[in-house]
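Below, subunit A partners subunit B and then partners subunit C, in two separate complexes.
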Partner chain A sequence: MTNLKPSSEPSVADSAELLAETSTETGRRPRAGWRMLLPTMTPWLAIGLGLIIAIALFGLIGPHLVGDPRAIRDMGLTGPSAEFWLGTTQTGQDVLAQLAYATRGSLQIGVIVGLLATALSAFFGIYGAYRGRVVDEAFSLFTNVFLVIPGLPLVIVISGFVPAESRGLWTIAIVLAITSWAGSARVLRAQTLSVRNRDYVAASQVSGERPWRVIVVEILPNLLPVIASQFVFAVIAAILGEAGLSFIGLGASNSSTLGTMLFYAQNGFALSLGAWWWFIPPGLIIALFGTGLSLVNFSIDEIINPKLKNLRLHRKRARRAARLERELAQATRRNGGVPTQTAKESAR
Partner chain B sequence: MTSVKITDLVKDYTLRAGLTRTRLRAVDHVSLELIPGRTVALVGESGSGKSTIAKILTRMERPTSGTVDVRLDDGTAVAGARYRREVQMVFQDPFASLNPFHSIEHHIARPLRLHRRTSTNRETHERVIEMLERVNLTPAEAIATRRPHELSGGQRQRVAIARALAPGAQVLIADEPVSMLDVSIRLGVLNLLGRLQREDQLAVLYITHDLATARHFSDEIVVLYRGRVVERGPSDAVILDPHHDYTRLLALAAPDPERPGRVTSEAGVDREAIDNSRCYDHFAGAWREAGVSAAEARIDA
Partner chain C sequence: MSYFLRKIGFYAVALWAALTLNFAIPRMLPGNPVDILLAKLQQRGGTVTPETREAYALLLGGDDSLPLWRQYIDYLGNLFQGDLGVSVSYYPAPVSEVIAQSLPWTVVLVGLATVIAAVLGVALGAFVGWKPGTWLDSLIPATTLLAAVPYFWLALLLTYLLARVLGWFPLQGGYDVVLTPGWNAEFIGSAITYGFLPALTIVLASIGGWLLGMRNMMVSTLSEDYILTAEAKGLSPRKILRSYASRNAVLPSVAGFAISLGFVVSGSVITEQVFSYPGIGGRLLGAVSNNDYALMQGLFLFITLAVLGANLVVDLLYGLIDPRTRARS
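Our next item is the complex of A and B:
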């Protein structure tokens, strides 16, 4: 029942200082717990978000702006030109149009798999760990079994087993989801085991909260950064996994993704014919999207990882101190060089 | 007003190491009574079973045997959801007992809503403010919107006390409520508990390993050693006239202004030889057999 004070918590001195600061103003805006969960804006986070948003917009809006990706013309393998910005394929199809549709397809798969895998891992990880005993043992065993199943071979077997005509987007998404949730579930289980033994969980149990409410209201918010990070990883893994599957010809039969583009580029000897405009753009989009998500993940990591967390707090404090100093200096200048009490207060 | 009668409480834990199983008896035939307006201090070292008793009282653990009987003034037994309302607990560590994600208001509003003490949001908010003012947290409006990390240890412990009292609890279990606080604010929190106890006629179980605060704060002291009660009686009697070797050792460990210098000897008490097979009862003025049910305990001459 006795938890040591986590070293990452701001010290009492800090809260005393905050107290002194806030005691002058009573009606302060309510502080939502959400603020704590948001990563601080760093250049890396900005670049990551920029990449993700740009690619997502391309996937969302792009298909409405380009022509038919399947239209065949008698101008095979022409390089980028004013008419076709990214050139054409062997059969004269517009690469840019294909890229827009393929990006949309890949994002779709990524988001669906990310959501499914996160939901599975949250259920098996959090619920099992919270219930404990037999449920935990059973869920843990189940998770471990899925953990040691080699992902890609299983995916190949399942995809090969399902006939090509019924192998749609959802089939691939479900196959990818059930092979990728186990690792996250283990992390969430470990984290839940730690959170569930904290006194505030015991306190809400003592006050008679129902189990699902304890999980959702008391435990889950403290796991959100971990879940967010795992969602991001699941999306990357799904996009890459789907691209891999499509590349070896086992992807969804009726959809176009970045993987199928690469598959056709490979089949059309794009590499040996030097048609770089055919295979570089889809590869680049996969790489950039992965980079963007990873950068976002590093920023989330600053919240989860206790070592980085302190770093973040220090940075925040330093920034605030610098701001206060600047404002104080400005206020002092306004008052003709005399740092008055009101100036100090207004700087706050 | 509510009173609690604990009779012959036993709690065994099964320890598993590989294939061998051993049984650890954490609490061995402990009987206590909590009466409105009075404080019973449960004193003992780490592992003596204090917190296990607290867990059983708050229904976080089931006893292996023995009964916990909670009764209202009119004699009706308390059970089910009502039990959660009557018996509440203040935890030891104020840094762990509040959820860092939620505001102070959330912590106090939840039990209010859960036990239907208030029905509208507005009423709940007013009640929260009232509760915060009762535990001397002012300005209450500003404190209510803060989150736990913005408060000091003493302030957090006050919030924890307000949360425990929010459902209208009449029995308060305080598990070392001041041991993690700075020495300078301990007295403030203890006095607050004392005031609330007088105002609401609370029955308080004060769990501690510190004899000095136990004497200051409680009416009766029960000394626990390895799961058994080894001495019990009025606070002053137990502290000024300890009979059991273990109580003597505890009393010696407390700093005494009239006995300057460091304590070098353990007053001839051999730690290895401390036995917990008998218990001195100051109320009866006699030794009893410990670790058996209260009805069967032999009284030694």
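Our next item is the complex of A and C:
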């Protein structure tokens, strides 16, 4: 049922050979052991980590530094000022204080849903593929069905049926997790299928290891970068999903997240009153956090898919060769067929 | 041929799963939707006969007199007759009529925006992937920023900048309300003006995914032997890009089109809410806030059906354009 060809998907198993190849080209040794699982530090990774850490700290520490987000003041809608850095809402509530609490709420739900969805996808993806035959067929069918059923309308319908008073944080988290695990499970299944048939897995099976041990000790470590990248995506998806749900008023009751802030901003006519300080910061935090996570994912991608890295090296070499060739040709033309060292230098 | 049969079989199973989910959700969750719905119906001046009650009980559960399997069969029977009940919030219009009214808006808006985003994203992605390692690569982080932006927030932002500050576009709605809907130039022009901002939102928010997917496939494709052969033959780079690399690299994007459609439909549900657009998404949210469970169920079924149908078409087309898919199964 899968359209994505396994051959087109990056395979973790290829990485060792490719890394060896790269090292002979660059003359550097490949990094050893567990360090191979860590991404190299690039400017993009640094920016991504910086964004994540800054926003996480704001969510963790911020609520202790700001005042009461619900306190109503007799001043109405005011723009940013020295006292209220991000202005106030219609009822005089401090936007910055609300933002700090809302960031904490959003991060909380993102991590919970990320963990739940990753666990679900690991179970259906890895266990099904490891058992093979009927179990694999059934799990794979189940996964694909969940993949094609549109998630958000389903979430909306489920939230619509649950009365508002019993719609807590965990209800929303579970509903979001149930509708978001399928894509990762499918990728994990393809990866597990390729790892499962390796000799060392067969060896451990022959030596009488129990299935759960083979999965956890032999197979899982190979899939860790993939799972890490999927966890990161699951967190982004969860934060976005929850924000959307809260924005239409179907989020967890008595919780405050960035989505609820936007809901109140929209309902308080922030848009038509031009109160940009009310609705821009919450969305910006979601966008920046999501960008940070995606940037980290790019770096993880380089471990999962060494082709991306090696190809860049190849390209660089090809470009250098092309440039030299061009210079040589120019020099040849100018000097009537005799390329000399001075001509080559002047061509530069 | 077995490829096509397998695909059709899979979508039949998926359809059955969606129908069953629709049957199970109201029965598994707390609350009694039938009573709420009937109370609303009476408020609107509808007469509640025992038959009406029975029909809603089949749709939403709550009728304990029949065994569950019997309810299930009757529910499926009602669905195949196209009977989705009467909408409470648009009383006395039946649910199917409300859906039929709002459908064209969403189909045109989401369909056009998705096609534009896909074509633009794939073309840009092919171009960026063709020259990896150049300054064009720095476009990638910019697109991830766009992909991480919540749809509805982008909608709010665009509305604020383009509609409120600059005043180029109307704030919300699907057409100028003084006009009567019809196939005349004035009305269509108004619909285009009103639809521009929602469409722009969907295109901007979804283009990043296309660009990135195509670019990554392009980078992998360039290391294939047939590209080397083509270069060795002395073909012009433009021809290699068009006839060799792009054609092979675009295949996963075509397959991804179907899956992304589900995401786009989801995203556009909330986007429609921001713009008060008279499409399916706006109706769904309206139904939720009005406790119009019959309309809610009908819309969910319809959206699922549309996404499944689009997936099926793309899958069948995929079997045609990539013969390897057929050979493998």
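In this section, the second predicted complex is superposed on the first by the 274 of 348 C-alpha atoms of A that agree within 3 Å, B and C clash if a C-alpha of one lies under 4 Å from a C-alpha of the other, contacts with A are read in each partner's own complex, and residues count from 1 in each chain.
The rule is simple: a residue touches a chain if its C-beta (ideal position, glycine included) is under 8 Å from a C-beta of that chain, and two chains touch if they have at least 3 such contacts.
Here the structure is a predicted model, which means the values were calculated and not measured.
J.: Who does A:S294 touch here: subunit B (first), subunit C (second), both, or neither?
T.: The second partner, subunit C, only.
J.: Between subunit B (first) and subunit C (second), which, if any, makes contact with A:L154: first, second, both or neither?
T.: Touch status of A:L154: second partner only.
J.: Return first, second, both or neither, reflecting whether A:A203 touches subunit B, subunit C, both chains, or no partner chain.
T.: The first partner, subunit B, only.
J.: Is A:Q90 contacted by the first partner subunit B, the second partner subunit C, both or neither?
T.: In the superposition, A:Q90 contacts neither subunit B nor subunit C.
J.: Which holds for A:Q108: it touches subunit B only (first), subunit C only (second), both, or neither?
T.: It touches nothing on subunit B or subunit C.
J.: According to the stated criteria, A:T42 is in contact with first (subunit B), second (subunit C), both, or neither; which is it?
T.: neither
J.: Counting touched residues of subunit A, say whether subunit B or subunit C comes out ahead.
T.: Looking at subunit B versus subunit C, the one contacting more residues of subunit A is C.
J.: For A:S253, decide between first (touching subunit B), second (touching subunit C), both and neither.
T.: Neither partner.
J.: Once the structures are superposed on A, label A:S140 by its partner contacts, choosing first (subunit B), second (subunit C), both or neither.
T.: Neither partner.
J.: Residues of subunit A that sit at the subunit B interface in one complex and at the subunit C interface in the other, please.
T.: The overlap between the subunit B and subunit C interfaces on subunit A comprises residues 1, 3-5.
J.: Where on subunit A is subunit B touching in the complex?
T.: Residues 1-6, 9-10, 12, 15-16, 18-19, 22-23, 25-31, 33, 36, 198-200, 202-209, 217-218, 221-222.
J.: Using the touch definition up top, name the residues of subunit C that touch subunit A in the complex.
T.: My answer: residues 6-7, 10-11, 13-14, 17-18, 21, 25-26, 29-31, 33, 131-133, 140-141, 144-145, 147-154, 156-157, 159-160, 164-165, 171, 216-217, 219-220, 222-223, 252, 255, 258-259, 262-263, 265-267, 269-270, 273-274, 284-285, 287-289, 291, 293, 296-297, 299-300, 303-304, 307-308, 311, 315, 318, 324-325.
J.: Please output the residues of subunit A touching subunit C within their complex, sorted ascending.
T.: 1, 3-5, 8, 44, 141, 144-145, 147-154, 156-163, 166, 183, 236, 240, 243-244, 247-250, 262, 266, 271-272, 274, 276, 279-280, 282-283, 286-291, 293-295, 298, 305, 307-308, 310-312, 314-316, 319
J.: In their complex, what parts of subunit B are in touch with subunit A?
T.: Contacts found on subunit B: 51, 54-55, 58-60, 81, 84-85, 88-89, 91-93, 95-103, 110-111, 114-115, 139, 141-142, 145-147, 149-153, 160, 163, 166-167, 175, 180.
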